[in-house]
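Think of it as A, B, C and D in the order they're written, each chain with its own count starting at 1.
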Amino acid sequence: MPKKRIIKFNEAINEAMVTAMNLNKKVLCFGLGVDDPKRIFNTTKNLKEKFGSDRVFDTPTSENAMTGVGIGMSLKGYYPVMVHQRLDFFLLAMDQLVNSAAKWHYMFGGQQNIPITIRLIVGRGWGQGPTHSQSLHSWFAHIPGLKVVMPSSARDAKGLLLSSIFDKNPVIFIEHRWLHNTTSEVPVKKYLTPISKPKIIKKGSDITLICISYMTIEAIRAVDFLEKENVSVEIIDLRTISPINYSIINNSIKKTGRFLVLDIGNEKYGVASEIISTITIKLYKYLKNPPNKITLPHIPTPTSFGLTKDFYPTYRDIIFEVLKMLKKKTLKNKIPVLKNLHDVPGNWFTGPF
Amino acid sequence: MVLIRVVEEMIANKYRENKMRCPTHLCTGQEAISSAVSANLKIQDTVVSTHRSHGHYLGKGGNVDKMIAEIYGKSSGCSKGYGGSMHLIDLNVNFMGSTAIVGNSMPIGIGLGLSSKLENYNNISCVYFGEGCTEEGIFHESVNFAITKKLPVLFVCENNLYSVYSGLNVRQPKNRKIHKMVEGMGIKSFNGDGNNVIDVYKLTNKAVKYIKQNNKPAFLEFKTYRWREHCGPNYDNDIGYRTEKEYLDWKKKDPIKNYIKFLTNKNIFKLEYLKRIDKSIISKSIKAFNFAEKSKFPSKNDATKNVYA
Amino acid sequence: MPKKRIIKFNEAINEAMVTAMNLNKKVLCFGLGVDDPKRIFNTTKNLKEKFGSDRVFDTPTSENAMTGVGIGMSLKGYYPVMVHQRLDFFLLAMDQLVNSAAKWHYMFGGQQNIPITIRLIVGRGWGQGPTHSQSLHSWFAHIPGLKVVMPSSARDAKGLLLSSIFDKNPVIFIEHRWLHNTTSEVPVKKYLTPISKPKIIKKGSDITLICISYMTIEAIRAVDFLEKENVSVEIIDLRTISPINYSIINNSIKKTGRFLVLDIGNEKYGVASEIISTITIKLYKYLKNPPNKITLPHIPTPTSFGLTKDFYPTYRDIIFEVLKMLKKKTLKNKIPVLKNLHDVPGNWFTGPF
Amino acid sequence: MVLIRVVEEMIANKYRENKMRCPTHLCTGQEAISSAVSANLKIQDTVVSTHRSHGHYLGKGGNVDKMIAEIYGKSSGCSKGYGGSMHLIDLNVNFMGSTAIVGNSMPIGIGLGLSSKLENYNNISCVYFGEGCTEEGIFHESVNFAITKKLPVLFVCENNLYSVYSGLNVRQPKNRKIHKMVEGMGIKSFNGDGNNVIDVYKLTNKAVKYIKQNNKPAFLEFKTYRWREHCGPNYDNDIGYRTEKEYLDWKKKDPIKNYIKFLTNKNIFKLEYLKRIDKSIISKSIKAFNFAEKSKFPSKNDATKNVYA
């Protein structure tokens, strides 16, 4: 059997970009810094060298117009991939996204497609603060016509980015900054991971954890301890936020009767609430317990090391909540403490981004 | 030009029948621009436009039956009833779409220009907009990008002095000349009388040649005036934001009457000949309204289609 | 007893503006068309004449910058009231709203307030179509630091607008176009209706209808028929979307054990989902039935008279759903039909806006 | 100027201790602008700024202890730890706030200008930004409004040739002159060497006088150069987006060295006197870092405060 190839999430993104651009000459990549020395955390490495500056190019700081440019290119059969180093910057382009990209196919009676992909990176820790750390995926999911994809593993990052690029609809592809350095097995070949399909990461019978993006990592971290406490956890990685095919989720809930949603967004009016509401309406009679969610608190992101200490939930919060939902007692001090400082993905990280 | 006038005036006349149930922005009085600009465009050249797009659509050769049917909300409409007056499209003539948010379609036109550049400047991307649009940030972002990337984009600004009921004085500095302003950004720019169809034709011709020869964008500003209210079928010179006199002065500059005068004075065409053309245009327009009225509404179940491709 | 004074919703808005501007010289009003002949559906009538063009002024078509201008004025103690004739236009200003207005108080450690009020009008019917009819209140509610107010009666419109203007925080004040012409009793005097407090419109015991904005009107229309069918409905008008004080709602649910949320927004990832999720998590054991919601379908707004026929839910849908939730049968043809064409608030309405 | 240099360089030296845990944009090399512009501002005049705001804050007279404490994330910081390096404020000197989204603070400065106008032009609103900001639509919307309304706004563009690692060529047309471009919009505009502190002073003085005399906005563009990386404490001339030579050429134009040369050559001050000033500045800076290090972090419970006023 061939050895498994383990690569990083950012390398997987890069591989998807190279694969897509090799497959189809009409795939483009643009955005601030896509061809600069840092290459968007190495995710756009070698693209300019391989595919030239017609297809891979830096842009003025004009987020709104550049989104429109991508839409215009789409109308001529291109597959533009736009990149923003922080989701927060993309707030300038909501008109183009919502009033044009999302509706173009619909409002002209299905005559044209907008197969644009917009990569947005969500910051966390090291003082990213109020305007460099927002994950507003629920905004995008609220808009019919958009698809919203949020992988949590290198493998899915590659397969889902490829699917997103060639999807006929506008796709918002959200990368959590703390995932870029995580690794998993990633096939060398081209493969398309289906959009809209959640994935069971681990089977279990007592409770279903429905995870979004980076929270999948924390959920996996919680499992060891929970199994020791004799809790059998089923972990589902949503992978796509909108539209969601619920069949895998529904089956899981019918089995476990309990669920907890783990989100990287603000607490209220977010994706976690949508999922709780949808499942409650449909599967009410299967529920053994009220559902719950773990999210960011409903406050702006503070900057200071001191203020962020409890801001981002970790596996500790998951363990605590799961035990509570199952009415099991545990001493808080039995739960293993964080290995890193709370504001970095690993102690190797020394900022500034 | 005459077709546009006839169609717009028929819409105005029939709007109160309450069968065209959507916001509708007429361009009566501004027809010279769309006509003469379009006369300089090839069928492959693309166009995007705004809320006030009937003239641009028809000028480019868009199907008149489908346009009227769209305004009537029928499934035979150019957007199958999903779009209405503010969302027109005719891919057969590369009229790529008009949209209703001020400035919204402009960068899309820039993207069309970029695609043309990547394909060896095979065509021009023409972008229509009003002077109000130049107040939106996206206007400047778009112009800046078009110049920086040397895109074959033809910007056509129809300066009709008003944005809804707001005059220029509350929106732009006193001596603002839009064509001068964009020159400062680095784009080749032209400026002319938007009610003189020959002027418009000549200037556009220059601009198109400039684009073709230099592989760079060009900018046209035309002064003009809309006769009817901002949105809807009526005249509204009585409500106070502009004077009857101003309107009458501009009416004297009727692009069509003056052009006919020019053609007959110079004996280029006989009035009779022109009248025959008019007749055929009128019957074409009547036919379009008949087509629209007879067409079916899309079914309510169609509403859930076309959300995703 | 003095005779009740009945006025229209748009007149009540106007009265609130006049009252506020009389009370405090630092209240301003600006936006496209606030001083034009139409005066934003008469809501800004006489303001310019009364308070002068320093305090009441038209602006360039520059939604994003003008929002920033309002924030800057706020920093100097002004109370700006901005107006947009359609919510859709305001999408251009999301950076200023989210990255500045919502966070300014927080990110500078509480040193300054942004008491700006932004009035947004939501279009409906008569072919408003995909970009002149969106109600994205769930977007605003998802952002901590913003308040979101959506009155449904003339009386509340006045009291809540006054509260919004003098609230120290940025407030999004959403007016449904079909409410402008509705009437209710409105006191002449100044009064402040508290933000965040839902209102019981009608007491009942079988089911709670939680209503947002215009849907309150449809809920009231549904009552007559439902009472005849021996269903006792409690109607709560949310009035504020964020933040919500749940105590009135909670008490109602504890009593009825059933609820249905009525929203004017898109179906998914919306405010209705948030409310269902919040109540389910907290009051699970009181629920006799799975909750439900009535919203717009999750599609862009189509334009044609034909396509919009089933797009906007009415009292008919409410009646139908309530009877279903209570497991009562009714013949659909017993439910009274609409008096107007479906795309106008009354047959007197002939467009175009 | 020297204070700014000393503080920035101390931050650079100490950043790798991992105690300043937030994105930090240093302005080493650009100090002449904030210093000499500020010298023309009264304490009542307001300032807003960007991600690269340390110089603007200190130039305006912002409290240095509180700035360093803010970068350290301490509750004694000027934003109590909520904001970090990119969100500075000192209301005592009317430094109204710096924000981290390109172009974001500019219209807020315009609003401050409008409030000044309504209060009889009692002060000037100074708005700092980089040349990258001029690519954002909001820049044009802001300038347009300031001119249209005749607001007492001083626009200060620090053109340091780069936006992150992107040179001007991919963002703006070849012969773009920002000060010319805005002139086309209708604003009085000046252009000078941003590394010559005397030049900056004189031009700003002219601009401020112009604003005061005409009750209109004015625009300053200064060419300059940042020495260190875009964000963070290091030099990065080796990574390939600019050359070591370019950096060295600009280093020769060190605004501080050249000013000292000027002062001593002309015998305005003796070098010894200047050295004494330096010493006091250095000890002031060391004191600030000590203050910051000794201050406490805000408690995690404070995070839920200040969401609503």
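One rule holds for everything that comes next: a contact is a pair of C-beta atoms (placed from the backbone, for glycine too) under 8 Å apart; a residue touches a chain by one contact, two chains touch by 3 or more.
This structure is a prediction, so every number in the text was calculated from the model and none was measured.
Set against the C-alpha centre of subunit A, every other chain centre is closer than that of B.
Distance from the subunit C centre to the subunit D centre is 42 Å, each centre being the mean of its Cα atoms. Taking the mean of the C-alpha atoms as each chain's centre, subunit A and subunit D sit 36 Å apart. Each chain gets a centre from the mean of its Cα atoms; for subunit A and subunit B, those two points are 42 Å apart. Within subunit A, residues 59-60, 62, 64-65, 88, 91-92, 95, 99, 106-107, 129-131, 144-145, 298-300, 302-303 each touch two or more of the remaining chains. Multi-chain contact residues of subunit B (touching two or more other chains): 77, 79, 81-83, 87, 99, 101, 104, 135-138, 141, 144, 148, 170-172, 307.
If you draw each protein chain as a dot and join the dots that touch, every dot ends up joined to every other dot. Those residues of subunit B that touch subunit C in the complex are listed here as 15-16, 18, 21-24, 73-75, 77, 79, 81-87, 99-104, 132-133, 135-138, 163-166, 170-172, 231-232, 236, 239-241, 296-300, 302-304, 307.
Across the complex, subunit D is touched by residues 54, 59-60, 62, 64-76, 78, 95-96, 99-100, 104-113, 115, 144-145, 147, 168-169, 243 of subunit C. Residues of subunit D touching subunit B in their complex: 135-141, 144, 147-148, 170-176, 180-186. Every residue of subunit B that touches subunit A in the complex is listed here, in rising order: 48, 77-83, 87, 89, 91, 96-97, 99, 101, 104-115, 118, 125, 137-138, 141-142, 144-145, 148, 305-309. Interface residues of subunit A, counted against subunit D in their complex, comprise 32-33, 36-38, 57-65, 88-89, 91-92, 126-132, 297-300, 302-311, 343, 350-353.
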